[in-house]
Amino acid sequence: MLYFKNDYSEGAHPLVLEHLLKTNLEKLDGYGEDTYSASAKEKIRNAINCPGADIYFIGGGTQTNQVVIATMLSRHEGVIAATTGHIACHEAGAIEYTSHKVITVPQYDGKIKAEDVQTLCENFYADDSHDHMVFPGMVYISHPTEYGTLYTKAELAELSAVCRRYSLPLFLDGARLGYALASNTDLTLSDIASLCDVFYIGGTKCGALCGEAVVFTKNNCPKHFVTLIKQHGALMAKGRVLGVQFDALFTNNLYLELSKNAIETALLLKDAFAEKGYRFFINSPTNQIFIILENEHKKKIEEKVAISFWEKYDDNHSVVRFATSWATSKEDVQKLIELL
Amino acid sequence: MLYFKNDYSEGAHPLVLEHLLKTNLEKLDGYGEDTYSASAKEKIRNAINCPGADIYFIGGGTQTNQVVIATMLSRHEGVIAATTGHIACHEAGAIEYTSHKVITVPQYDGKIKAEDVQTLCENFYADDSHDHMVFPGMVYISHPTEYGTLYTKAELAELSAVCRRYSLPLFLDGARLGYALASNTDLTLSDIASLCDVFYIGGTKCGALCGEAVVFTKNNCPKHFVTLIKQHGALMAKGRVLGVQFDALFTNNLYLELSKNAIETALLLKDAFAEKGYRFFINSPTNQIFIILENEHKKKIEEKVAISFWEKYDDNHSVVRFATSWATSKEDVQKLIELL
Amino acid sequence: MLYFKNDYSEGAHPLVLEHLLKTNLEKLDGYGEDTYSASAKEKIRNAINCPGADIYFIGGGTQTNQVVIATMLSRHEGVIAATTGHIACHEAGAIEYTSHKVITVPQYDGKIKAEDVQTLCENFYADDSHDHMVFPGMVYISHPTEYGTLYTKAELAELSAVCRRYSLPLFLDGARLGYALASNTDLTLSDIASLCDVFYIGGTKCGALCGEAVVFTKNNCPKHFVTLIKQHGALMAKGRVLGVQFDALFTNNLYLELSKNAIETALLLKDAFAEKGYRFFINSPTNQIFIILENEHKKKIEEKVAISFWEKYDDNHSVVRFATSWATSKEDVQKLIELL
Amino acid sequence: MLYFKNDYSEGAHPLVLEHLLKTNLEKLDGYGEDTYSASAKEKIRNAINCPGADIYFIGGGTQTNQVVIATMLSRHEGVIAATTGHIACHEAGAIEYTSHKVITVPQYDGKIKAEDVQTLCENFYADDSHDHMVFPGMVYISHPTEYGTLYTKAELAELSAVCRRYSLPLFLDGARLGYALASNTDLTLSDIASLCDVFYIGGTKCGALCGEAVVFTKNNCPKHFVTLIKQHGALMAKGRVLGVQFDALFTNNLYLELSKNAIETALLLKDAFAEKGYRFFINSPTNQIFIILENEHKKKIEEKVAISFWEKYDDNHSVVRFATSWATSKEDVQKLIELL
């Protein structure tokens, strides 16, 4: 059985595991106050070109979105996201669980537009009764998006400008950030640090066993953040587990290097799909490929390949996802291509 | 200055006040365990033709929506509402504050369609990853809607049928229920009790100083409901204040009778608008009239009449609302018509 | 049947009702933006000698405690209260419902001591792991307390000083504040406004149908407070109902005047209890009298008088409460004394 | 520098790491649906002698306590715990954050007594106004407790009996369960599974990098538990990380075997403390030793040994904790003893 179902089907990159192994018996302080966490943070500050960044490691993506959004919003505020945004759809209401509304704006290939945020804010403040409504308090995007698409530098700059106009922190969910950076894009890690107020660098899907690095770039980390992380149940006793992994990921550019494999294998696969006349649901430049399959065809493929059902296209067709990762082998890609 | 801004601009119907006055010095038990609350509940059970109904009085509409929805939903569930539903837009996130998502479906003149709820549920359960999403747990409608429109008996029956299919309690927000019942409609109070699982009979906007009567019709009142009301801060020490008012409202059919005035005056006004060539934004059969006004025209009217801005129509026009109530005098209507 | 069960067994003081009646048909803006609310606030500002106070009216006591505490605390903070404090015991977890811990300190006749708050804070900050604990964020007291006792001016000043030392807002729950002010006490309304950061003037138990006036005295009202009240379901559409009542209560010193009756009748009753050799559970100077009764004796009294069971004293005795109010007649007191 | 500060200062037991390493590149399903998670659950079911147990893996202890308590309590309920219970003191209000009160009962060497729970419940239901209070809904204990003490089988059976009388699920926090089982105790894993309704087997402090195994023993797992875990941000995409570790821990009795080292080294240390005349704060039979030190003495020890300050004893003395773990070497213990 070939496996293209998702990008979290393997463990960690060998160098990450090796670092865990090598440091395993060192006695270190808990709760993220160990030396490897400190070292990892310093390496990330360098990589993002933001010496004053406040950085915290949290175990998973939903957790990170929940903690960051709940602690940065004021009580009367909600978070703006695409109708297809991960927090709007696929996190089991984790944001609402913390008492905040997800305010949706239209999506365009998974992305949101600065002008829609601008219009939403204009209309909100123009409405006499806005005191009876949830205030826009933050903007959430993911990069890559749910559909694997990418913001250009210009698009992110525009969004950032609107956010500043309305004092809305701009939060970028980088669960798959490595795959964005390894793609053909004009948006660098430094740009992201400069244009966003807070973002996270995804480990779980990009080479780690688990863990995400939250980065506050504007001296804007919520006060008592460690206590707030704990209150959400998200403070790991052995914070070293995350620190050591990110220390490895940001040594010798490993984070970017391992991500390249996902893009290279995805491009091979995209070319094959195109050549064989498959219909793309969306043109994603990263590691997720969305294909429209006739339902019988889908069943046949699924006999030999594990893939993800994404959504119903029409009564006879489905959208499915083929995902590659840092661990996808070219042999498996070749085998898959032969099956198509 | 004429006043057509809303339907909560006066105090209580004189007979309601009189009942408060007459019973004022009687010593009664607190927290809704007084004799007038008991009497009011019995009268409501008769009026809705549902002898087994569980009835509670709560101080206001937002409070009622919040308590009912939060206590009937399970933790993994959200409430389905129209995109224009009151709880989706104009309650400052009171539902999300209790940790639940408002899941929106399209609105048609403020109403939702059974088929959209059906489709939403079908798609939800067909999605393999629905365990990562908020489960549909309840359906919320208002009658009249935010736009003053009404469900027909057939429409409500259809909605009710879908709800039962998916075990979703159907909750009807009747903040202005009196004005629905007094309109030209085939949907009676008994029908509502029979088709809905829970609904409330609005007092605040229909003759009371404050207060709404929540009715559970299917032996489905959440356990320990008094404790839960208290936990939401909504249990009045002097429950008599609500009980006495509803006792008056359900004596000699007062609730329906007083509501008729709102409809009669609204119809006079609608005819005048039509005759004078005004543009209706929506055809509302109840006590709220939505008119599209050129902005300069709006300003001129506002010099002499208090009205509500509803929403921007286009760069030169606004939607405004003229509301009547049980207290609107025909003299004021006549004066307004002359001004138009 | 005589009725000494509580101080919320009647409706409103006749002058309060009269004001509601007289203003009933005036057309006023909603949500507390009416002229009577404005007038009432101005009168309260004068009465408390705090011209810059921010004042809001909320429907009931639990609601008020919930809204004030939830909106003044930061997320990592809890509220300090006596082990017997109302919010710690008798509000069905309404504070925890908003995600905040009630941190208890010992009670002495229902009151807390400045030194205990001081010690709690000292120990908290001395504990290396306090980042893993709930931060003390506010101090809650009630005056009169749950046991009808009163803080002296010196005691409140001491408490206030500790609160300032640790930047803890001092919140005084004045559900029965009128009865405190009408007692033999050196603590005035101006003192309270000066020593506390926020307090509320109870209407429900002191002459109103419902309603409490929250007073922020230090230019410290939470931002967007109207939106936050609404989010808690506590914003009344007909805010006039509360404004008109407080306007009456603060006209011609009515609030204090009507409260005197409760104290006078309570003193008559206390003297009688003392003379007849009853055992006092606590020496309360206000309108609640706590007596230890042998259980058979209690039953006999309850045949003719409605009273409150307070707590078990021992296997054969109970603590019961006799409460007077603004509405208690001297005739009833006389009848009760004859029964003792 | 010797390190006796806590029992989470190293990584994972070598056999656990080895299993992670060996399975690292296998492609497995996410969210705990992998084969190693299934295998680990089966092994645990055997070890606890409870074939029908529902088992879930969660990343950390606070998280686990939060998810289990929040999902098993009804909205009107709180959780009973010792005044010194971890959830009452040292989890930054994580339980209150989910809207539930922690109801405290007295502690005796960190343990609670069945009779106190019984009395609390009796008094609660005997109180006429208990509808205005938080209902007792669950009992939380930890084993070992915060003070390293252990329940006997008889004590746990008594507690369990009271819980059943009042329909309160009994929840045992086993963050250090391995160290309890490896001690001199008559309480087995099977006993725990039989007497408790839910408990967790701690991995983080007993040999894993991270992870706890929650066990529902009475066919009482909350419905839609996966969705609820996700809603709390606690569902790991790579569930395998936890599954693989517990699979190793429950192979060849590793969990118990590795725990023995902590007890053996602790006993060596306890004997040395006793022999040298140190004062024990409490007589703990597990891996945590609590010693009362004169403050100057404490400082001197801390120059060479990392230990935990526990609490102030008096103005001149402190309580400190020396902790051992599966990873503590006898050499380090010997070196420490020489320093004492």
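Brief remarks on what is shown
Here the chain labels run A, B, C and D in written order, and each chain numbers its own residues starting at 1.
Here is the rule we go by: a contact is a pair of C-beta atoms (placed from the backbone, for glycine too) under 8 Å apart; a residue touches a chain by one contact, two chains touch by 3 or more.
These figures come from a predicted structure and were not determined experimentally.
Averaging Cα atoms per chain gives one point for each, and the point farthest from that of subunit A is the centre of C. More C-beta pairs in contact connect the chains of A-D than those of the other pair, out of B-D and A-D. Distance from the subunit A centre to the subunit D centre is 33 Å, each centre being the mean of its Cα atoms. Separating the CA-averaged centres of subunit B and subunit D is a span of 50 Å.
For subunit B, residues touching at least two other chains, in rising order: 76, 91-93, 97, 99, 131-133, 227-228, 230-231, 235.
Every residue of subunit B that touches subunit A in the complex is listed here, in rising order: 76, 78, 89-93, 96-102, 123, 126-129, 131-134, 309, 311-312. The residues of subunit A lying in touch with subunit D in their complex are 3, 5-6, 8-12, 14, 17, 20-21, 23-30, 59-67, 91-94, 97, 204-205, 209-210, 227-228, 230-238, 240-241, 306, 327. Every residue of subunit A that touches subunit C in the complex is listed here, in rising order: 70-71, 74-76, 99, 131-133, 135, 223-224, 226-228, 230-231.
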